[in-house]
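So, here come the structures, one by one.
Two complexes are shown next, each including chain A; its partner changes from chain B in the first to chain C in the second.
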Partner chain A sequence: MSKLRVATTSLAGCFGCHMSFLDIDERIIELLDHVEFNRSPLTDIKHCDPCDIGLIEGGLCNIDNVHVLKEFRASCKILIAVGACAINGGVPAMRNHHPLSECLAESYLNGIGVENPQIPDDVEVPLLLNKVHPVHEVVKIDYYLPGCPPPADAFMKVLGDLIEGREPLLPRTMLRYD
Partner chain B sequence: MTAEHSPQNTDHLLHVLFREQQRARFISDEAINNISKSLNLPRAQVEGVVEFYTFFHRKPRGRFDILFSNCTSCGDTKLLKSLCEKLNVKPGRIRSDGLVSVDQTSCIGMCDHGASLLLNNCLTITSLTTERIDQIVKLIKSDTVIQAWPRQWFYIGDNIHKKGLLLTEPFKSGSALKAIIKRSSIDVIDEIIASGLKGRGGAGFSTGLKWKLCREAVGDTHYVICNADEGEPGTFKDRVLLNSYADLVFEGMTISAYAIGAKQGFLYLRGEYRYLLDTLNATLQRRRETGLLGNNILGQDFDFDISIVVGAGAYVCGEESALIESLEEKRGIPRIRPPFPVTQGYLGQPTAVNNVETLAATAKIILHGDHWFKSHGTSQSKGSKLLSVSGNCARPGIYEYDFGVSLQEVLNDVGAENVQAVQIGGPAGRLLKPDHFSRSISFEDLSTGGSLMIFAKHRDMLAVIHNFSLFFAHESCGFCTPCRVGTRLLEKNMSKLCSGRSTAYDIDEIRHLSALVSQYSHCGLGTSAANPIMDGLKNFPNAFEKRLLNREMEPEFDLDSELSEARLMTNRDDPGAHL
Partner chain C sequence: MSQSILIDGIEVPFKSNQTIMDAALAANIYIPHLCHNPCIKPHGSCKLCTVEVNGHTTSSCTTKAEDGQKVINNSEKLNKARLTITQMLFIEGNHLCPTCEKTGNCTLQAVAYHLGMLDGHFPQFYPKREVDASHPSIMLDRDRCILCELCVRASREFDKKDVFAIAGRGDNAHLIVNSPSGKLRDSDIEQNDLAAHICPVGAILIKERGYEIPIGCRTFDLRSVTEIDLGDVKLSEKSSHHE
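For the complex of A and B:
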């Protein structure tokens, strides 16, 4: 049986979900018998080849996040929103209570200790979205893996189900939102 | 808690807050502190109540405070928009000079009178037209006191077009009470049970059985409550009953008190009907003076009195346990049932809560006997039903039919042509298409609390369903997550559908969400909130499909405009600054 090709990315997240995924420890060796990693911070591959599974950590806070998410949707048969930020916006979405202009002004113009105040406008710097959005508002998401972060066992369970061709289903004990 | 209320109930928290709102045009922190002290209620409870009800505000409202109905029958978004433009005020805001504020509110029960608004939380102006709006704008701009506004604007007619069992014969005050006062209370209950009368509010529980259970329940005292919090959009029958048949209703309450052994009754009147309050109190006073209320009613060993508590704009208080919470000076959040109010209701005592129309019917049954009553209607639905008919028809108003009448017969009588759809029982009821018009109005077929809204062919049904989803999102009490969040998400989904940006995927999401909201919500508001959407998908699939994009998925918002602020701040407009 050919291996499932898996891509992962962290958008507006903290990489905590990736770290939690790596908490599967030595089980990753067994996992690699069944999957190969494509675009991912773990491989440093920059763009997706056609993949079976895409894991998205983090919500959408800037234009680059949107491009990456669209590439994942176009490349992956199954797309999974991983963690609180991808599913609800999470901590980055706390800025949604304030207009973006106020957030930028506080950080780059009026903040304590700011020298040479100016809003970064280099084309290399991705423009921020007015609000932080969960990923399902922009592309179709097939499954949601909740948690902040989801426990390593939950990653194993979802990937294990998919490897064996089952609909992924988390037992209640792994369905946690903290 | 102020358990002992005076007959006029001047110290009820809702009434104290209403007076403060009218006096200061808002309820300040200081006012909350003072009220909490004077009524000996926790500050958090007072503040909670202020935040809960639509008619109380924590920020000042204008000297003229307008609440425009956004119901599909007594609202009009175009007139609202033009009113705001002419007054130079944004909806939901107060004008900078403090003269006027305009906001929207859920159905105010004036559906037979067309577009309507509430003025300063106590007066109602109906039959709005562009001309009338212009006249109102002129009076507001010239700061004319309301006492000088044309009085006829505030007149609200009954529009009764068809009378049946309840409405035909004029009622002689005290006649039913005289008929029961020599009978035992158990005998009275047995007659109500034998009549087959079921609750007219919508749930259809046997009235006599409710009284029997309440009578048998152990408690220090028993209470009678008349539920006049008629908030279901499209319903206005209780307004008419209380305007022209108040004696019949109060007589029904007194009979109920006699049957269950209550000394105190409450009429919980929706805040939108405050204009009826003075007349209702006068009727109560007359009944006291003629020995029909108070101590030793009709010279017998029977004491009972009624006081009126006026709500403050919360649809959910029509649910009986939420209503009781509101009577107890708390936020109107439905209780977990059981225990039901018949065993543990107001202040934990056995309480019979009945609809206005139900109580009116009990007085008639006592007068004419259970045989007279049950000879009308169908096998499972005895007697008659008042229908509040509104929407696209020639003669909107009140129609009383024996149960079993077909929807088509009603539509013929009210002069409805080219009917595309009928919403029966309000947004929480069912949305019907012409194939269903041969069905009958009865508990066993089309059950309704009385609302019947008609939509002609030219109406956009998606906009109607969106309006209903907005209603539920606004009226959710916020207690349980499936309803608080679910109704908001349903509204968002309907809004996206109406804007033509939805795909088949969104429809799947709506179905999924609808099932979740209706299955897991705490009370009837949530469990019925998705009805219009699910009925719409089933009965009017074309209305949905023709708005769909032929794509797998469309973002919920416009991606490029999500970059507008950042483009402005960075002065960028290169291709990389667009999505």
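For the complex of A and C:
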């Protein structure tokens, strides 16, 4: 059987979901009998080839996040929103209570310990969105894997189900939002 | 003559004046609910406890049990509707569980687990709501308030104080505090009031207790909402027995 091609990315997340995924430890060797990684921080491949599964960590806080998400949707047959931030914005969405200009001023102009205050405007820096959004508000999502982060076993369960051609189903013990 | 109703085909006895919810809880049958608490008069606002009675949908916490009623509770259709209601409660507020002190002890979260909620489905409202940290020992974070009015009723019926009320309609509905400044600090609430403890979510919290019990070891981390809820009934039965 040919291997499933899996891409992963971290948008407005903290990489915690990726770290938790890597908590599968040596099971990754067994997993690699069934999947190969494509675009992912784990491989450093920069763009997606056509993939079977895309794992999206993090929500959308800037324009680059939106482009990456759209590339994933266009390239992956199955897209999974992984973790609290992808699903409802999570911790980054706490900035939605404040105008963007105030957030920037607090971080770059008035914050404690700021030297040479200036708001970054290099063209390389992606423009921030006014509000942080969960990924399902922009593209269709096929499955959700909640948790902050989801436990390693939950990653194994969902990928295992897909490898065996089943609809992913999280048992109650693996369903957590924190 | 003993009277009974049928809940999902199970014969459940009831005493006169009991609601379907009362009868179900006494018989150890779980009907999902958020605005109901056996210590307080029912209110019928969250609609999570919706059941079908002789083919019509109704809130089981406010509907009197009547001899021979056929009640459907645990059906796919009803649980789907309950899931949708729960998703709306999440997206209408700011429920970022990883940042919330109530996580693991929260009934809204536990009900969502019970119903298998994986996502909020609807676009997030991210409403802007006022936090009231003025009181020395009680914190009010309206971001998580689900307008169940348990605190309102507990303060009125139990504490005899009338500290809380809901003002505004629709999107604007919000919890207000009965004090000249509108702040908790200037209200009659005290730390031992039932109103300070009854909130099913993380909207009313006692200060300086944060993370006393680590995440992972909390009420619903260890047991499901079904077990906790039916266990509670047994406890209250026990205490009324001793009275």
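We adopt the following convention: the second predicted complex is superposed on the first by the 178 of 178 C-alpha atoms of A that agree within 3 Å, B and C clash if a C-alpha of one lies under 4 Å from a C-alpha of the other, contacts with A are read in each partner's own complex, and residues count from 1 in each chain.
The working rule: a residue touches a chain if its C-beta (ideal position, glycine included) is under 8 Å from a C-beta of that chain, and two chains touch if they have at least 3 such contacts.
What you see is a predicted model, and the numbers here were worked out from it, not measured in a lab.
Because the two structures share chain A, they can be overlaid on it, and in that overlay chain B clashes with chain C. In the superposition on chain A, A:Pro146 makes contact with chain C only, not with chain B.
Contact with chain B, but none with chain C, is seen for A:Pro120 once the two complexes are overlaid on the shared chain. When chain A is checked against chain B and against chain C, the one touching more of its residues turns out to be C.
Once the two complexes are overlaid on the shared chain, A:Ile163 sits clear of chain B and of chain C alike. In the superposition on chain A, A:His133 makes contact with both chain B and chain C. In the superposition on chain A, contact is made by A:Ile87 with chain C only, not with chain B. Shared-chain residue A:Ile28: touches no atom of chain B or chain C.
Residue contacts after overlaying the shared chain place A:Asn96 against chain C, while chain B stays out of touching range. In the superposed model, A:Cys14 makes contact with neither chain B nor chain C. Judged by the document's definition of touching, chain A residues 131, 133, 137 lie at the interface with chain B and also at the interface with chain C.
Taken together, the chain C residues at the contact with chain A in this complex read 90-91, 94-100, 103-104, 109, 112-113, 116, 118-121, 123-124, 126, 128, 215, 224. Partner chain A is touched in their complex by these residues of chain B: 505, 552-553, 555-557, 559, 561-572, 574, 576-577, 579. Interface residues of chain A, counted against chain B in their complex, comprise 63, 66, 99-101, 104, 119-121, 123, 127-131, 133, 137-140. The part of chain A that touches chain C in the complex is made up of residues 81, 84, 87-91, 93-94, 96-97, 131, 133-134, 136-137, 141, 143-146, 148, 170, 172, 175-178.
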